[in-house]
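Next come two complexes built around chain A: one with chain B, the other with chain C.
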Partner chain A sequence: MIAVVLKLIVHRLLAAVPILLVVSALLFCVLRLLPVDPAAMSLPPNATIVEIEAKRRDMGLDRPLPQQYLIWLRGALHGDFGRSIALRREAGSLVAATLPATIQLAVAAMVIAAALGVGGGLLLFHLRDTLFETIADLTSIALLSIPEFLWGLILLFVFGVVLDLLPFTGAVAPGLPQPQITGFLLLDSLLAGRFDVFVSACRHLILPAAALGLAFSPAIMRVLRSSLFDVYHEDYIAQARLRGLSESRILLRHALKNAALPTLTLAGVQFGILFSGTLLVEVIYSYPGMGNLMVDAVRNVDLPLIQAIGLTYCVVVLLINTAVDSLYVVLNPKLRVQ
Partner chain B sequence: MTIKLQRRAFLQMAVSTAAGIGASVPFARAVTAGNDAATLGWPNDIPSWDPNQRFTPDAQPIFKAVFDQPLDQDPQLKLIPKLIKNWNLAPDAMSMAVELRDDVTFHNGDPMTTEDFRYTFFERIKSGIKLDTANSWKKVQDIVIESPTKATMKFDSPAPTAPQWMAFLGSYIVPKKYIESGGLDNFLKQPVGTGPYKLVEYELNSRIVLERNDKYWGPKPKVGHITIQIIKDPSARVAAIQSGEVDCTINVPVREVERFGKLAGFAAELNPITRVVLLQVRADLAFADQNVRLAAHHAIDKAALSRAFYGGAAVPLSVVATPGTPAYLTDFTFKYDPALAKELLAKSNFGPSNPVKIGLASTNGQFPSDYDIARAIVQMWKQVGIEADLQVIEYAKYFELNRGSKLPEATLYSWDNATGDPEIFAGYLLNPKLPFSAWKDETVGQKVLKLFNVADYNERIAGYRELNRFAVEQGATIPLLQSVLTIVRKKDLGYNKYGNGWLLPQTLQWS
Partner chain C sequence: MMATLSRALRSPRLIIALGMVFCIAFCAIFAGWIAPHDPGEQNLLSILTPPAWADGGDPNFPLGTDSLGRCVLSRLIYGARTAMLVALFASLGAMIIGTILAHISGYFGGAVDWVIGRLVDVWMSFPPVILSLILMVGLGVGLDRVILAIVLVDWTRFCRVLRSEVLIVRRHDYVAAARLLGFTHWQTITREVLPATLPLLITLVSLEMAIAVVVEAILSFVGLGVGADQPAWGQMIADARQYVYQSPSNLLLPIFAIFLTVTAFNLLGDGLRRTLDVRLAVTGR
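Our next item is the complex of A and B:
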């Protein structure tokens, strides 16, 4: 099985190379088509035309677009994504500094989304053919229509202001140190033996992760329920009943395992969307991640930073898809045979 | 490998986690509970820890906590000594002699001398480092050092506002020895200034933690620990002050100021500041016709805009200057008169049935209610016979569009001038050679350019007072409102109110 999975990962990573090239070229061209001049914006407002022209030459903007792309690509391959126009720092280092926080948030959100999605899906299925089915169905549709930023504001208001239970600004309480080992605060605090920092970081993570998780869980709920309906029409479910197995055992041991595969596919896709959904949630909760940085980059039309973040999103989504495909192979024996 | 978790072990783990969580609950509040700590909710992060690099008005109070400027302003905006004890601008404004304090050290213990002064205002700029101060100090031809405390700045052309700029954007003295020996990257990571606070923690887009500089040469801050939480979302800032996560915040919606004003334990203020909201206008396209420009101005009910969007606290302006600043005119009012606007348009054969078509650009979210103000203006103009096509632009693109003559007839704009000096109001906004001005006509332009070279203060101010009136009568600018800064704070946290809106951490004080 390991060989099959490794082969799949290698295939996927090889396929990712042309995808990344196409995405980076598209990103580069689209941003260059915007009616903005990166050279002029890199300089103070009262820079002269001569200074702007010199800067334009310095940035290679006087060359044909394909050549500009190749220069940028060569730099990107060496980890040089150019300098942020607004922050005047290396775009790559800004992304590297903020990416771990966003990954941490997205993973926590996905755990919440999966827990709520699977739990809710089982509940929806359990309520089938009862009076509560319509209510549960409508509730899940209503939840589906609430976007993550609205959840962010609702949770902030309820748990941060009214109940005053959880903090909602930053990644850790003021005054606590932030150990820098891997960049992942939860992990670093444990590695540094700072349990107080770990607990504080967890408390700061709960609301933004819940906001994202709540927004993405209804889709998982509904797909799981549909999959369970399909699975319950299979012969082996009827046979399990004939064998005298309890309904809960049939559901949890037999039906859920098979219904989980389409749900897993959806969760993989959702994770990619969820990752990009961190933008507004990070702003609302002052979470120091890449989404927060991206919002500023867009506001300042900071092209080098937008490119660097855009490409990073693409890489992360491709890696997530590869991981989900691998997991799919692990869980589905049929795919291993094929 | 299978991990077997015993029930007892699980329960122990759960209890210890709960205890940890319980123990940490009061911590966030405890940080700000004492009289020696305060947390501020701030709407923007700083662009960089190099204070000379970018001109960002909102970041100035943070820079002023860590760094010192050569000169300072008092709450009424009068220039006062800071690192410079004495200064003497030559009558021709071609040089300025300065005497620095001799008792100032940087946070790392190095003494601050004229070497640092020369490095900040001359050497760094000439060495090609991309700094915004390169433009504000580009007239500096040399700085001649006479002693560790005495130097003379030499300019290549008159610099009458050099003293004002010593207390303005980006003019902070940075440590030459520390930057040159440790490198700029090290300075950006561990900035060292001479200010009343030292930086102890910085997390991009999240938090700045400052600690009192106990060796500060000036008055020591009353609050020893300042945490600045970067909270960009206005609703989140409101929630943060209401829940007690922060002790004070700025730039909250006006309606929230009104609500907090009624809540026990909070003080809420709408403070008019030295920031103007205006329409930057062009001298060509449909606005080549002076009747149309003046009609556009007469048609705007500024008091109504103030009531609708700033709770009536924003003072309607007739000139590009704020009340209390040197070139503000108390005896001149450009009246709201839609009938007169119609008359003026009729002279140019326009009217409600045959409207003149213009473009109006506005940012959306750059300053409070900007886009809503623009929409209201479009409606006011429609009443008299001006049909405006409203378009949203990014603030970052303003200069580029202006440089390429791509701005429409009018652009809603906000202009900050912490000094209150008229050169940095009308001078910059109407100087055809500067990128801030959309107005490129020479009639007004020549008057402005002359004033840039007037060295005598009284003559210069008199000139700007005359210019302010002339520019408005010509329709070269349409001033709208004096902007306001909204502040909500805990009632027992006091601060010094500055006319330019600075909320300085070093002035905070618990009662």
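Our next item is the complex of A and C:
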């Protein structure tokens, strides 16, 4: 089985290479069509035209577009994504510094989404054929209508402003040190033995993660409910009932296991989308992740940085999808046949 | 057709959804008559006033004013116009591109199908938020640019879903019969295949409208949306976020407006799916 999964992973990663090449080329072209001059932008405003021309040659901007792309690609393959024009630092190191915070947020959000999704799905199914069914059904559609962007603002308002329970700016309380070991603040604070930093970071993580989790749980809820409906038509459910098993045992031991597969597929797809959803939540909560960096880069028309971050988002989403596919093969015996 | 119509009229959620969409569309179309003020008119003497019923409220501004003393109610109403324009044109644009490519891809199959399929793959490997932000950098701000960006991002949703529907429809005998009768490919697609995919298409459009409203709000919130001179709910939220302690209602009202609009379109999509899909209409689930 391991061989099959490994083969699948390698196959998927190879298939991702051409996609990434095209994506990076597209990204490069879209951004080069802009009426801005990166050379002029990276020099002080009093630079002379001669200086700007020299800089243009230096940056390779006087060459044809495909050649420029190849130069950039060669750099990118060596981990060199160029320098951020506005922040005057390596774009690659800026991304590396903010990526862990974003991953941390996405994982926390996914845990919340899965917990709420499974719990809610079971509840929705439990309420079938009762008076509450329509109400619960309509509520889940209404919840589905609230994107992470609105959840972020609503939670900020309710728990941050009105109830004043949780902080809603930054990743940790101002004044506290942020130990840098692995880049993941929660882990680093524990490794450094700073429990106060850990608690503060957790409290700062709750609202953004909950906002994302709440936005993605209704989809999981509804798929779980409808796959439970499908599973309940199967003979083995009737058979389990004839054996005299309790309804809750049938639901949790027999039906849930079989309904889990389509739910997991959706959850995997959702995780990819959720990862890019961190962008807005980060902006709303001023959370120092890649999303905030991206929005700043976009506002400053900081081309090298936009390219580096855009590509990073694509790579991470592709990796997540590959991982989910492999997990799917591990869990579904039918797919293991070669 | 009549059966579908009578089924639609008996579905309460479809009626409610249509009612909500109608109300919002009414605000959008007649904004000039309903709104008490010009949405851009600044009254610097009365900034951040609370709604009229609260302490210190001004009956001149029923829902209060924002940080520049602009009437919140008027901005909400004109914001509905922006949202509805984007929802309508962006979803139609995405529908047209997506539907055409989906029908070509599913009907002809082979190399064409492969090329379009890979194009969709590449497009979808960009997370939508990231792609729309990058496009807005390239396109610049403005209502038409927002619409264009959403069309360029979201045509893939239509293309992917409709293609598999076309694949199913194409195998039906009546499609083969049409070809045998001497229909050209174009005639077969427009007269036989398209009508069969229409129910799914209509549902997708109404769901896409909900997505477009959110994307427009997001882009305006980040400051890359319709431009500063045009009132938009996302902008109102970004502005109110800074003054959330002084004037909480300014934050809540546009959030509520977006929620209402998105719910209306989602409910409409769900109701349409149930009434138009014969299989679902029978079981009711």
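Note that in this section the second predicted complex is superposed on the first by the 335 of 338 C-alpha atoms of A that agree within 3 Å, B and C clash if a C-alpha of one lies under 4 Å from a C-alpha of the other, contacts with A are read in each partner's own complex, and residues count from 1 in each chain.
Note that in this section a contact is a pair of C-beta atoms (placed from the backbone, for glycine too) under 8 Å apart; a residue touches a chain by one contact, two chains touch by 3 or more.
Model, not experiment: these values are computed from the prediction.
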Simultaneous placement of chain C and chain B on chain A, clash or fit: clash
Partner chain in contact with A:Leu224 - chain B first, chain C second, else both or neither: neither
Touching partner for A:Ile320 - first (chain B), second (chain C), both, neither: neither
Which superposed partner A:Val283 touches (first chain B, second chain C, both, neither): both
First, second, both or neither for A:Leu207, with chain B first and chain C second: neither
Touching partner for A:Gly310 - first (chain B), second (chain C), both, neither: second
First, second, both or neither for A:Ala113, with chain B first and chain C second: neither
First (chain B), second (chain C), both or neither touched by A:Gln178: first
Which superposed partner A:Leu293 touches (first chain B, second chain C, both, neither): first
First (chain B), second (chain C), both or neither touched by A:Val161: both
Footprint overlap on chain A, where chain B in one structure and chain C in the other make contact: 153, 156-157, 161, 283-284, 295, 299, 301
Chain A residues within the chain B interface of the complex: 35-37, 40-47, 49, 86-89, 94, 97-98, 153, 156-157, 160-161, 164, 167-171, 173-176, 178, 195-196, 199-200, 202-203, 283-288, 292-293, 295-296, 299-301
Interfacial residue positions of chain B with respect to chain A in the complex: 17, 20-21, 23-24, 27-28, 31-32, 39, 41, 45, 47-48, 53-55, 130, 132, 134-135, 188, 201, 203-207, 209, 225, 227, 229-233, 235-236, 239-240, 242-246, 394, 396-397, 399-400, 403, 434-436
Sites on chain A touched by chain C in the complex: 19-20, 22-23, 26-27, 30-31, 33-34, 138, 141-142, 144-147, 149-150, 153-154, 156-157, 161-162, 226, 229, 272-273, 275-277, 279-280, 283-284, 294-295, 298-299, 301, 306, 309-310, 313-314, 317-318
Chain C residues touching chain A - in the complex, by the definition given at the top: 13, 121-122, 125-130, 133-138, 210, 214, 217-218, 221-224, 237, 241, 244-245, 248, 251-252, 255, 258-259, 262-263, 266-267, 270, 285
